[in-house]
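What follows is a set of structures for review.
First chain A sits with chain B, and in the next complex the same chain sits with chain C.
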Partner chain A sequence: MVATETTTDVLLAAFENSKASAGPTWLHVLRAQALDAYREAGLPNIRQEEWRYTPLTSITRQTWRVAPPDAGATLRLIDIARLLPVGMEAPRLVFVNGRFSTRLSTQGRLAAGLHYLSLRDALESKGPSAKVVQAHLARHAEIESEAFTALNTAFFEDGAFIHLERGHDLSQPIQVLHLNVASEAALSQPRSLVLLDEGSRAKLIEIHAGIGNAPRLQNSVCEIVVGERANLSHLLLQHEDDAAVQINMHRARVDKGGAYASRVFSLGAALTRNNAHCVLNGEGAEATLGGLFLGRGTQHLDNHVYLEHAKPLGTSRQLYRGVLDEKSRGVFSGKVVVRPGAQKTDAQQQNNNLLLSDDAQIDTKPQLEIYADDVKCSHGATSGKLNEEALFFLRSRGLAEREARSLLTYAFCAELIEAVKPETLRDALAKLVQARFE
Partner chain B sequence: MPDKDLQALTEQEYKYGFVSDIEMESIPAGVNEDIVKLISRKKGEPEFMLEWRLRALRHWRTMREPTWQKPHYPAIDYQSIIYYSAPKPKKELSSLDEIDPELRATFEKLGISLDEQKRIAGVTGGLDSATAASPAPGVTPRVAIDAVFDSVSVKTTFQETLKEQGIIFCSMSEAIRNHPELVQKYLGSVVPFTDNYFATLNCAVFSDGSFCYIPKGVRCPMELSTYFRINTAGTGQFERTLIIADEGAYVSYLEGCTAPQRDENQLHAAVVELVALDNATIKYSTVQNWYPGDKEGKGGIYNFVTKRGIAHKNARISWTQVETGSAITWKYPSCVLKGDNSVGEFYSVAMTRDYQMADTGTKMIHLGKNTKSTIVSKGISAGKGDQSYRGLVKITKAASGARNFSQCDSLLLGDKCGAHTFPYIESQNKSAVVEHEASTSKISDDQIFFLRQRGLSEEDAVNLIVNGFCKQVLSELPMEFAVEAQKLLGLKLEGAVG
Partner chain C sequence: MPTPLLEIKDLHVSVEGTEILHGLSLSVNAGEVHAIMGPNGSGKSTLTKVLAGHEAYQVTSGSARYKGKDLLALEPEIRAREGLFLAFQYPLEIPGVSNTYFLRAALNAHRKHRGQPEMDAAKFLEVLKEKAKQVDVDPALLNRPINEGFSGGEKKRNEILQMLMLEPTLGLLDETDSGLDIDALKIVAHGVNSLRSKERGFVVVTHYQRLLDYIVPDYVHVLFQGRIVKSGKKELALELEKKGYGWIEEELAAANPGSVKV
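Entry: the complex of A and B
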């Protein structure tokens, strides 16, 4: 753990010198608590149940520094255009190494009821946003059991702040791009807050990407509150390259009658850990969580889901699919907890995996923890290969073996892609995924 | 569903809670090298056994008790447990009347038939050789029983009959004395003395158990059975079972257990090892009914058992368990599918009520090519019962063509119970196919309504549904045990047995 202690010291020094340290007092208190929690726990290791399949040697073997402020100063709009699947039209917040870039962002003409800006700007604003931030920031994501969240809370500089007021319906999706640019090993820790008030609806597209050959570690945390009868559709596309390590935490609270849908597409990075934590905190709340992870080379892709039914009449659906080629390794761990009294819960969880190579590996752990009796809960997990009969069928129709395999592999992923809206995004995703199997 | 039906179903009294007033010989409480030496000396063991026990004890001292399990329990004081307790030896008996009336009454209460009682109690010239040799066709084959009372094997029946076929079925102590070469070769070969906290403790202090060897190509003509009973207060039971089925052999083995009602928690930490050599089949069935504690959760047995089998080429190992007793049941009967084409099966019904807890499941380790495993686990949780299925299916890189299917269903009766499922699936082979599915639900009002409409009483309807829920597992049990299991679950199983 020597390396991480040095990292903590380096981060602490960097933080104290940065502008981020000049926050309000309440935030200082939260940061101090988080730092204590992180120091107490240290980075996780494979002896801990939640990390048993994901060794963190790629993180612990080096000291991480915060990227210098001028990193990415030479980026042009054209560099980021190719990273945005729905193009440059939709409004976007761009963060380079966890810092807001006014130059690359465009807030468009702000829809009524929408607050859409950087978290730092919201904190420093004189308007009502500062109060909203204080009420929610670091109040939802846990730090005790999540060392990475604690680390982020202690040292984050900036991130997206999205707040949609009561009853508003956004027609256009909003984009957040987290771009990691580094010429030497660098850590970025974006921190975002997404709040949907009662009865509002929004679509959020989050993109994680990177540029440069140096190792990049991104440790992001996003806290989400979906208010009563509100509806949030959230998509994360991660197409980093092999130099990247991605640790993401999405912590969502869904209130009475609200609906939260999340889809995570993990295509890149040497090591990815996606934590999706969702609490159905009101009667009749709904969650649809899904993810597609495609591994090749020596990629390690880990999806960890925690879904809690805290109140009655909740519905949850989970569908995670993994395709693992070459020497890649996939991990799925999904826990559904039904609290006492959360009667009439309907929870389904599904994880399917396709191994394409003899050296690929999948470890899956779907879990149910149920403390109420009037429930309908089920889960399923499979691991297997392409169906030989389906292959034969396609070959007998004149497809080359390669084509047939590519088609079937894509079909395995299609269920997650087809449901994506808008269509431009769906088609862009389909292209990205298809390109992987050709 | 009316609450009274559930109550009737889930609140049956424990029938086997009596204490037998038999003179017992015990040693001082605690575990140390002297105690281990004393146990070994009492059993008249050869040197290699003592050495093995002492190595286990030394290793155990370096280990920490696990804490990852779901059920938690107050710390166990291992120095206050009596590790050896045996009925005082009596002279050879010549008629049923001379048997210690308490021991006889014990077996009567346990429901073991009179003929069996004679043999168990050591009456000479029983029916053993006369009628057991050729069971009439169509008659249910008899069961050979090894009764283990507290720490030692009281008596093994039908030994002579089995001997004719070369089958060795005796207490572990006898096996150590009479067949040391087999014991030395296989004991600890499946569950090594370093395996886990409770198994290691067992290696150091185990007092007896059953041993069974089926020679090459022999199909064991009857069910073999061990009946375990904890009687003395303050004792722990640490028995050890070793079953070896040589090439092409077949054996079906049954295990049953009961214990008296006491306020204290008693520890039962057994080890069962199965070795199925090429083309052999071992079917191991358990009906576990240790004392579960009272309605407030006081007392009861801690059933922390390590069971594992190793299947060589084309061999098959099948575990069937009905777990209704114990305050805490914590065990994972497992199969190491070492040989190509070997098969592992696990069928389980677990019922928890009052304050009972269970954390059970299986591990299927696929090492050989084309190995297959099936897991069917049914959990019924009532009252404040809490249970978990925890299982591992591991497909190693070499296990091409491996196949697993797992199904884990839970039925909840009451809003204060818990049911959890924690399957682990690790696959390193692209040609392997692994499927897991699990569901949790309660008996729906629709189902009850449908059956009521067809003239069934509310109670019969509940019974029928629970019966149907468990059928897949109960049908794997040998006939005699299925009947016992049915009684234990308090259900009517018309037509489901077989």
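Entry: the complex of A and C
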């Protein structure tokens, strides 16, 4: 663990020299607590149950620095246009190496009731946003139990702040792009807050992408609150490659009658660990969590989902699908917890995996913990190969074997893609996924 | 004599190490319809699957030539593009692959193989609608995944629709009549008959003579224990319908004692 000690020291030094170290006292206190928590815990390791299938050697084998301030300075709009699935029309916040880029962002004509800016700008603002940040930052994500969240809290520089006031309905999706660009191994730690007040509705598209061959480690934390009867549709597109290591924590709370839909499309990275943690915190709250993870080469894709029914009458649906080729490895761990008193909970969890090669591997662990007695819960996991009979059928109609395989592999993913709205986004995703199997 | 469309000689085929076809020979000329009848387990489906190129069916000896070429050396997709079509006995449901998308991809693969330009989406849909009408398939079904939520009869009609779209030179129909009511049977038969021409041949595998009232064969063969043991004209089907297969077993036993396991 020598390397990580070094990383912590380097980060601390870099942080003290950066503008991010400015800020209100409460934040200084919070960061100090977080750093203590991280030093106490250290990086997780495979002896811990939650990390059993995901060794962190791609993190520990080198020292990480924060990217120099000018990294990405030459990026042009055209470089990011191809990374935005709904294009340049929709408003976007762009973060380069975890730092807000005013130049590449466009907040558009802000809809009524929408606060859509960088977290640091929110903190420094004279308006109500600074107080809102204080009320929510690190109030949902835990620093004691999650070392990566602690590390992020101690050192984050910036991230997105999205706050939609009561009763407002955004017609247009909003985009947040986290772009990592560096000429040598660099760490970015974006930190975001997404807050939907009572009865509001929004669609958020979050994109993680990287440019260049230098190793990139992103450790992001995003805290989400979906207020009473509010509705958030959240799509996360991870457009990464073998130079990337991604550790992401999405921590959501859904209040009474609220609905949160999260779909994660991971197109591959050297290592991806997506933690989705969602608490249905009020009666009749709903969560639809899903993801598609596509691995090849020696990629390692890990989806850890924790879903808690804390109150009665909640509904949750989970569908995660993995497609693993070559020597890639997938992990799915999904835990549904139904608290005492969370009666009439209706929870379904499903994980299906398609192994395209004999060397690909999946570890899947769907779990239910139920402490209420009047609930409807189901879960299941499957893993298998392409259906040989379907393959023969398609070939017997004249499709080349390669094309037939590609069609069937895409078909395995189709359910998750078809559910995406709006159509432009769905079609963009369909193209990205299809291109992977051609 | 012109080259037969399909010429099978002494074909031996095994599935998972068990021999199912024990030296089957059959010759089909362009313009002919051959019916293959026989009891369960005689090897009828094995014959159609091996001709279409299913990998689980292994040819251990013998030959099959199609339009004079070694059929068995071709990949299944090349056989298809060369005009061979198998209508499956149990059409699969394939979630996530739309009928329309797949069929257009298939048709264009055939066209490319023949050096023809791709058919554009609008033209394709126009042709598809017209052919769907011919086999009474609701065009709305075609936007769905292949056979998903189709009734048994719809699945069979969908097979015939695919055949109408791909216009094969040699159609293999594997018990396409099973599970069909009389109206559906007539629709399917009409679809097949509309393709009959002097360039095309058909091998119709069936249990029942009933189908052959509507698709009238030129020849009827009895497949029994992996060989064709009797061939005749269409009247043979009527005789089988009346008398069952017992008399054929007896005839065989008499002609060749010890050769038939009863």
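Assume the second predicted complex is superposed on the first by the 438 of 438 C-alpha atoms of A that agree within 3 Å, B and C clash if a C-alpha of one lies under 4 Å from a C-alpha of the other, contacts with A are read in each partner's own complex, and residues count from 1 in each chain.
The rule we apply is simple: a contact is a pair of C-beta atoms (placed from the backbone, for glycine too) under 8 Å apart; a residue touches a chain by one contact, two chains touch by 3 or more.
Small disclaimer: the values here were computed from a predicted structure and weren't measured.
After overlaying the two complexes on the shared chain, residue contacts for A:W26 are found with neither chain B nor chain C. A simple residue count on chain A separates chain B from chain C, and the partner touching more is B. Of the two partner chains placed by superposition, only chain C is touched by A:Y410; chain B is not. Once the two complexes are laid over each other on the shared chain, residue contacts for A:L368 go to chain B alone; chain C is not touched. In the superposition on chain A, contact of A:R395 is made with chain C only, not with chain B. On the chain A side of its complex with chain C, the touching residues are 387-390, 392-401, 403-404, 407-408, 410-415.
Interface of chain A with chain B (complex): residues 49, 340-341, 343, 353, 355-358, 360-385.
Residues 68, 395, 397, 410, 412-442 of chain B touch chain A in their complex.
Within the complex formed with chain A, the residues of chain C that make contact are 52-56, 75-77, 79-81, 85-86, 88, 91-92, 94-97, 102-103, 105-107, 109-110, 113, 145, 162, 166.
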